[in-house]
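Scroll down for the structure; my scribbles are underneath it.
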Amino acid sequence: MELILSLAIGVMTGCGVWLILRPRTYQVIVGLSLLSYAVNLFIFGVGGVKSNMPPILAGDVLPATLADPVPQALVLTAIVIGFATTALFLVVLLASRGLTGNDHVDGREEQR
Amino acid sequence: MMLPISDFPLWAAIAVAIFLLLGAILTLIGTIGFLRLPSFYERLHAPTLGTSWGVGGTMVASIIFFTVGTERFIIHEILIGIFVTVTTPITFMLLARAALHRDRAEGDQQVPHKIEVSGTRDPN
Amino acid sequence: MLPFPILTFCLMMMWMLLNGFTLGHLILGSLVGFAAGWALASLRPEKPRLKKWYLLPKLAAIVVVDIFRSNFSVARLIVMGKKRPNSSGFILLPVQTENPFALAVLAVILTSTPGSAWLEYDSRNKTVLLHVLDLIDRDEWVAMIKNRYEVLLLEIFE
Amino acid sequence: MSAIILLTAVSLAQLIFALAMVIASVRMLRGPRAQDRIIALDTLYINAMLLLVTFGIGTGRTVYFEAALVIGMLGFVATVAMAKFLMRGEVIE
Amino acid sequence: MTLGPYILVLIVLLPFIGSLASAFILNTTSRDLPVAVAATVTACCLALCILAYPNVVDGNVLRFEAEWLPQFGLNFTLRMDGFAWIFSTLITAIGLLVVLYARYYMSEDDPIPRFFSFLLAFMGAMLGIVVSGNVILLSVFWELTSIFSFLLISYWHQNAAARDGARMALTITGIGGFCLLVGMLLLGNITGTYDLDKILASGDMIREHPLYLPTLIFILLGALTKSAQFPFHFWLPNAMAAPTPVSAFLHSATMVKAGVFLLVRLWPALSGTYEWFFLLGLAGMLTLLLGAYFAIFQQDLKGLLAYSTISHLGLITTLLSLGSPLATVAAIFHMLNHATFKASLFMAAGIIDHETGTRDMRRLSGLLRYLPITATLAMVASAAMAGVPLLNGFLSKEMFFAEAVETHADSWLDRILPYVATLAGAFSVTYSLRFIHTVFFGPKPEGLPKSEPHEPPHWMRFPIEFLVIVCLIVGIVPSISIAPFLATAVMSVLGAKTPEYSLAIWHGFNIPLLMSAIALIGGVLIYVAIRRYLATCEDGPPFIRRLRGQRIFERVLVAVSWRWARWAESRIGTRNLQPQLRWIVFIGFLAGLLPLWFAGFEARPFVFTGVDPAFAILWVLGAGMSLAAAYLAKYHRLAALVMLGGVGLVVCITFVWLSAPDLAITQLLVEVVTTVLILLGLRWLPKRNALLVDQMTIRARARRFRDLVLAVSCGIGMSFIAFAVMTMPVPDAIANYFLENAYSEGGGRNVVNVILVDFRGFDTMGEIAVLGVVALTVYALLRRFRPAADSFAVPEQQRIQARFDEEQPERAPGDTVRDYLLVPSVIMQWMFPVIITFAVYLFMRGHDMPGGGFSAGLTMSIAFLLQYLAGGTRWAEDRIRILPLRWMGVGLLTAMATGMGAWLLGYPFLTSHFRYLDLPLVGKVPAATALLFDLGVFMLVVGSTVLILVALAHQSIRINRLRAMEAAKAEER
Amino acid sequence: MIQWSHHLIIAPILVPLLASALLLFLDERQRVAKAMISVISTLFLVLIAFILLKIESGPNDFGGVYLLGNWAAPFGIVLVLDGLSALMLFLAALLGIAALVFSLARWHAKGAHFHSMFQLLLAGLNGAFLTGDLFNLFVFFEVMLAASYGLMLHGSGPLRVKAGMHYIAVNLVAALFFLIGVSLIYGTAGTLNMADLAARLPQIEPDRLMLLQAGAGVLGVAFLIKAGMWPLCFWLPTAYSAASAPVAGIFAILSKLGIYVILRLTMLLFGDGPLDGFGANALLLGGMVTLIYGIIGVLASQALGRLAGYSVLVSSGTLLMVLGINDGVVSSGALLYLVSSTFTISAFFMLIELVERGQDAGANVLAVTMEAYGEGDEEGIDEAEGVTMPGTMAILGLCFAACGILLAGLPPLSGFIAKFAMLTAMLGAGAIGVPPTAAIWTLIVLVILSGVASLIAMTRVGIRTFWGSLEGTVPRVLVIELTPVMFLLALTLLLTVWAGPAMQYMDTTIRTLGNPASYIEAVQKAYRVPGYQSAPTQVGDP
């Protein structure tokens, strides 16, 4: 499981990094989204990978065997903040496109 | 509170397995059809296998499983069934109509015409 | 006071399905259902008039059976793959009702049933464009839909 | 015996759903048009939901139910928005 | 005398107070008020100096000390000894004369208050240098003189020359000041103190210290720049653009003397080594000679005086370099003498300029007949400058010649000194003669800007008269005029080393007298020889006229500080986003992996924990889709968005699979909302055409390849670290505490939720603040939003459909869309209450089961969103009036009020309370304040999300309105 | 029960948060009321921060540890007030009030929700200064950043939006780094509390420690982006110069937040123990390069705004280098420098706007933006008309000169004192007989060079601005625009006069920081308020 998860994180990071280095604003926003998925999974994975041990207390489970709730709480916060910033970046890229007339991150049409 | 699965009565286990697999297999067939059917309008039909029987079978399996397992009447899965049944058509309808519009706009001869003005746009 | 009693009841049922059937949740569910009913009222939707609501189970039963059947037929078609005759096609289905609820239910039924898909409704001509996967006889399809569903729907909603 | 049956059925079903998702995603990658991709996404949502329900059966827990319910109830919003975008070029008019 | 120390403080502070006072005299109509202030202040300072004299005779020292920055030995220490006294008196006395002179010199149009304000401030700074008892304090005043001299030189800032001259002066003296500071710091390092007295007492220690040389160099840099010594001399002639009183004050008597003053001040601590002699001597001699040489060929009166000043300062420097006490006496004496005659000469030059309107010696001649008195005074002063006997200049020059022939250090530099001295003396005679002869004698001047020059008012001439008289008195009867004061000064510098010397005019026939004679005769001869050439030649010395320090300096400055800087900035910096992000990612990559590399990372033995095939398949899918999203994002935006949705779904399943149902729910909801958001945004992005793929240059290819390498390495690195950290169980983490106490103390069974609303509720508070502020930003930004031209039009689909409706006679406009949404909107409307119910459900169970305020809030906003989708903005807003800002405000307040409620019970912020309530009929119901907090979260989330979505959705309506407005405008035209 | 005064620790966060919540209830048109709330809240902040500072300069090392939610240290979130945080709070409050008053003249009306964002920015800053928990730090960083995004874009216009987009993109990536770093640290140390982390460091096995270092490295990058270390700093001059004047004025402290965190964490975690001196060389080298880049940039800037932006880099570079040298006395000098340069840069940014208002180019750009992007639904922006005061130019010139003097580190203002304090600690009387190392020599040379560069650039630009164009009209300036600038400059003067006491405070602060044990102990010993009524201990179905 760890192997799969870490490979998945790696692939998403790679794609995200590639995208944020691209010149189009839309590519950047997709890249940021992918990166935040990767980072969320990373934080999540840091607590160790446990299947079917959700940190929800019930009478018959030993608390210590449950999954680590702290990374989950952190990821939850990170998701929310990621959502907010994605929305913001989106609007900024729209505004920038409106003002500069193109969707290049530097506001110019580049002759590649 | 949950019955260990080894203590399940055999009939229940078999019923769960049958419904589950039936649903799963129909879903799979549906997606295979979705992959293989040649035109969009034909492909539109395939996933409904999953939304109808796939969901249904799985729901039933789950209801049986949990009802037997907890020895209480647990049927809240039915909600999933209801919602899927009610909401999926919206997507399909809207999408089919959109596809129709796009095909017509492109002048595709395969689709029934109500001659709309031609012009091309692919927001894709 | 209670804009949508049936809805409120359904929401209460939903609440209890989710939370469990206790007295507390009955009260809570009713409150929530009541509030949600008012929320819907603020949208000012057309009120459905259910004339013969007792026919609904009959419709449901028919639909379940149809879905069951068509599931297998479509599955068969898919499994057959290339060997099957290319028999799909479009049908223009004239509908009598203009009641949006009846149309909605019809749409749900037709879309949920594998093998038929609702493409377009034309309010001027009162027609629905359908796409059918296994179209052997257009008229038979039209007749089937009219007889099996529309008649019932007209009875329920008009 | 029932354990074996149940476990086999559940893992088989999970596998099948996962496979179905892969197939749907192939269509998603292949397109050819946007509508195909959106339908594929919808299918993916349904299959994911079924996978979650199956996972719930496999673990014998009901805590995963809400996740499935959320997909069932709200998953369509994203695809509806996409469909409307295709049709009207604008999501909210 | 107990009053003594306060005299010091007053001397330093009074000028600054006066400066402020005159700065606030805004009414420029009165010319006399600022003059009165300045004169009073200066006179007071002079009086104070005189008062202080009894305290400094016989090597006594007047001290004042106040703590300033005691930790670092920087105290406000003032200290006046004989040397400081004589300098302060000089400064204040000449200051007073200059004030008087300036009263008449400055024209009606000049802003007088500003002038006197700067002048007084400068005087304060100068006095500060002189009486500082702490070397750092000295540096402070040192820099202040640079600043104020900048302001004074640039007083006529309309004049480009004044601006440039001021800037150059500031740049050079400022840099010198920095060097001086470093030098002082090094002195501090060597001696452990900044106190002047202590430093002066530890001269031997300083000279033997390994840091002596750097210290010396830095201090000399400071002193030499200030005193305009070669090779830093060129700023002084350019500073002549200043008003003449400023030149008279700063560039003859005071500021340029600061450098040599410092050298004298630190003479006991630094002098006497070969390095001292060599560095200082070389600079001094070169300056002496070059300054005099350059002075001959100046055509500007003030230019001549400026170069002569440079030369004289070179003389003083040379004297100081010798390291002999007697030379030091000569140096001090010459400083005083130079101040008197040069100040008077500057003022005379000012009068000439004032009366004739020019300072160009090619145009001036025969002024004696117009300005007899001024001419006489100027002649006496120049004679002093030339070193004619019976004038003060002669005395100190004689002492210099006497020292020059002595041997001080065995070096070629020492050996050539007598010749250099004589030559320079001759030059000085030449330029003095030239000054007098050209200006005052000869035919009537022609073509002067002002036709009839006449004598200035008497009080304008008075300062010159006074100074010339001083020159004469000192020159004729040195022993009864200057001698006691000089003795006091010398005593305080040299202490026990004070040599025997005599200030007599006549020492008999000796070599110095011979040298004087040679210089006098030689000078006259030179002048006669080149007189004709001088009358017409260009400004500047022959042969090296093109080689001007100023020009070189400016070229270098422009090259280094402008061209090179701009070039370098463009090389090592960027204003584009892509390279920035590339750097950031790269550095992040290094920062993550280098520590592992350095520490020699060794992975723990690999344990294969088994792979769930379904999960593996899922991630094959996820990876594929993220690759596809990366591939498609450029040309197929919608497809990329779909892919992104797929990846999100897989992530969400992963959360469920790995025991995080809460995360899964939240992720899903966020996924839905984000997708709709991006779709809303896609409306305003132009479509991209994949067919327009242009030719890729090799550079672009290389760049892409580099990005690819970077992306792949980041991916691998991240996988690696993720794997490493995942295979290590978290060590006795705080997690266990949460798991054990969530129910007993937090009252909830969903530990994640308890952490969010209770254990770490403060995080959640911050998080909702983030969401809120982002919503506000989005709203604010979109209020001014204007789409680009190519997305301004109605979307093509809508146009086609509208045209279709128009063309069909039986259809009304908008039928297509109405039919399109007829059936779906019914369902969507009826989903509204259902989703609300579900939101309430999610909210209520949050504390015990997956759910919570955040997911409930998102669900709620999706319910609203769906209505917008179904009916459009107008329709929805006719029916449901959501006031997102209110929701947000109430939410934030609720959350905070919950937190603050704990205060009432004496607990810290956010302490939660929990109990079961026994409700009739219902039974026990858990009631935690955390639930109230969660309610705040819920409301804020609803408000913010709706605000963002609605703000975006409103753009369509706004554009329609704009379009209509623009159409109307076009019609009007 | 705890004393009421104890709650004062959290007040710097709550007051602006409360104000921003209240502001949401007011309509955009109720501008006066909004401004009132904002000003009152900020004044309150100044007062609170002052009291906290007073407490800190008292005999105790720690003003207090605040256990949020009444949870003991490593589990709940703690706020820790020590000398450093009190200082930063005070600094932020002072800048806050200055920038806010400045904005009241016209800027606050140039877009929606200025005051809410401003208050949230202050809340975020204060939270980041106070918190003793790594993840909470992230959260408050984000609050601060989110608000700064809004403020950065405040006023709109193409330049601002483009710069804002870069700023946001860069900071989003930085936030991801932050998350990766924090989670790595949690994964290897099992705690998020800074004090607890420091206490646990010695017990961590080597292979875990490596990963922790990796985490710390990545985390450091996030802060260095904020602080503006080369090559992570290219966004900074552009963003700061594009932001509106009051915003740039308050932004002056944002880069210092990065420095603050680095200072806090290095002193706490890498002071001694297994990670002694971790990353110090990187800081030293990075600071050096940053300083060089800043110097080059200062020289190469044509526009005043960019000059100011590069000055931020100069000050960051200097501070980073000093942190890299990692010497107690030097650091206390650096703290003084931090305060002084923050005031300077803030005042400078606001001044620039006033000065450039008189120049035609600037005015034109503004007018064009207003015309092109002002909307119909924009309720009439009343151009607050400034009166051409007599002597406006003189006062502006004086302020400009003061800024130049401060930036160049010339006396008599605090720029000199701060530089002197740092330099003397390195080689002067503060370091008797310690021969300067190569690093120190480099630092000295660079510090001096930076002063020279600022001097050259400021005179060049100043002469061009004030004296170059005679036809430039006298800018219309309001008193409430000039006052904040002069207020900040007066503060630097005060800092000069009271250099001794100020330095004393810095010294104590650094000494406390240099002894992490006391910090750790204070956090660990902080007691929960007893008498908490706990819920049933039995876990089960309700």
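The letters A, B, C, D, E and F name the chains in turn, as written, and every chain counts its residues from 1.
Just so we're on the same page, contacts are C-beta pairs under 8 Å (C-beta built on N, C-alpha and C of every residue); 3 or more make two chains touch, one makes a residue touch a chain.
Values in this document were obtained by computation on a predicted structure and should not be read as measured data.
**Student:** How short can a path of touching chains from chain D to chain F be, counted in steps?
**Tutor:** Minimal hop count between chain D and chain F: 2.
**Student:** Show which chains lie in contact with chain A and also with chain B.
**Tutor:** A chain counts here if it touches both chain A and chain B, which gives D, E.
**Student:** Measuring between Cα centroids, what's the chain most distant from chain F?
**Tutor:** C
**Student:** What chain is the most remote from chain B, judged by the mean position of CA atoms in each chain?
**Tutor:** E
**Student:** Determine the chain that sits nearest the middle of the structure, using the mean of its CA atoms as its centre.
**Tutor:** F
**Student:** May I ask which two chains are joined by the most contacting C-beta pairs?
**Tutor:** Comparing chain pairs, contacts are most numerous for E-F.
**Student:** Return the distance between the CA-based centres of chain A and chain D, expressed in whole Å.
**Tutor:** That pair's centroid distance is 21 Å.
**Student:** Chain B to chain C: how many Å between their CA centres?
**Tutor:** Between these chains, centre-to-centre, one finds 15 Å.
**Student:** On a C-alpha centroid basis, what's the spacing between chain C and chain E, in Å?
**Tutor:** 74
**Student:** What is the distance in Å between the mean C-alpha positions of chain A and chain F?
**Tutor:** 28
**Student:** On chain F, where are the residues touching two or more other chains?
**Tutor:** 135, 139, 142, 146, 149, 153, 156, 161, 165-166, 169, 173, 180, 184, 186-187, 192, 373, 539
**Student:** Quick one: which residues in chain E touch 2 or more of the other chains?
**Tutor:** Those would be 575, 577, 581, 585, 615, 637-639, 641, 657, 661, 682, 725-726, 730, 733-735, 738, 743, 749, 760, 763, 767, 770, 774, 777, 781, 784, 786, 795-797, 801, 820, 823-824, 827-828, 831, 834, 838, 848-850, 952.
**Student:** What residues in chain B touch two or more of the other chains?
**Tutor:** Touching at least two other chains: 30, 32, 44, 51, 76, 79, 83, 86-90, 92-94, 97, 101, 121-124.
**Student:** Applying the document's contact rule, which stretches of chain E touch chain A when the two form their complex?
**Tutor:** Result: residues 575-578, 581-582, 585, 608-612, 615-616, 619, 622-623, 626-627, 629-630, 633-634, 637, 640-641, 644, 647-648, 651, 654-655, 657-663, 666-667, 670, 673-674, 677-678, 681, 684-686, 688, 694-697, 700, 707-708, 710-712, 714-720, 722-723, 725-727, 729-730, 733-736, 738-740, 742-743, 749-752, 755-756, 760, 763-764, 767, 770-771, 774-775, 777-778, 781-782, 784-791, 848-850, 854, 944, 948, 951-952 of chain E touch chain A.
**Student:** If you look only at chain A, which of its residues touch chain E in the complex?
**Tutor:** Going through chain A, the ones touching chain E are 1-24, 26-31, 33-34, 37-38, 40-42, 44-58, 63-64, 66-70, 72-73, 75-77, 79-88, 90-95, 97-103, 105-106, 111-112.
**Student:** Which residues of chain B touch chain E in their complex?
**Tutor:** Touch residues, chain B against chain E: 83, 86-87, 89-90, 93-94, 97, 101, 105, 114, 116-117, 119, 121-124.
**Student:** How about chain F: which of its residues touch chain A in the complex?
**Tutor:** Per the stated touch rule, the residues are 135, 139, 142, 146, 149, 153, 156-158, 161-162, 164-166, 168-169, 172-173, 175-176, 179-180, 182-184, 186-187, 192, 373, 539-541.
**Student:** Please give the residue numbers of chain A that touch chain D in the complex, ascending.
**Tutor:** 52, 54, 56
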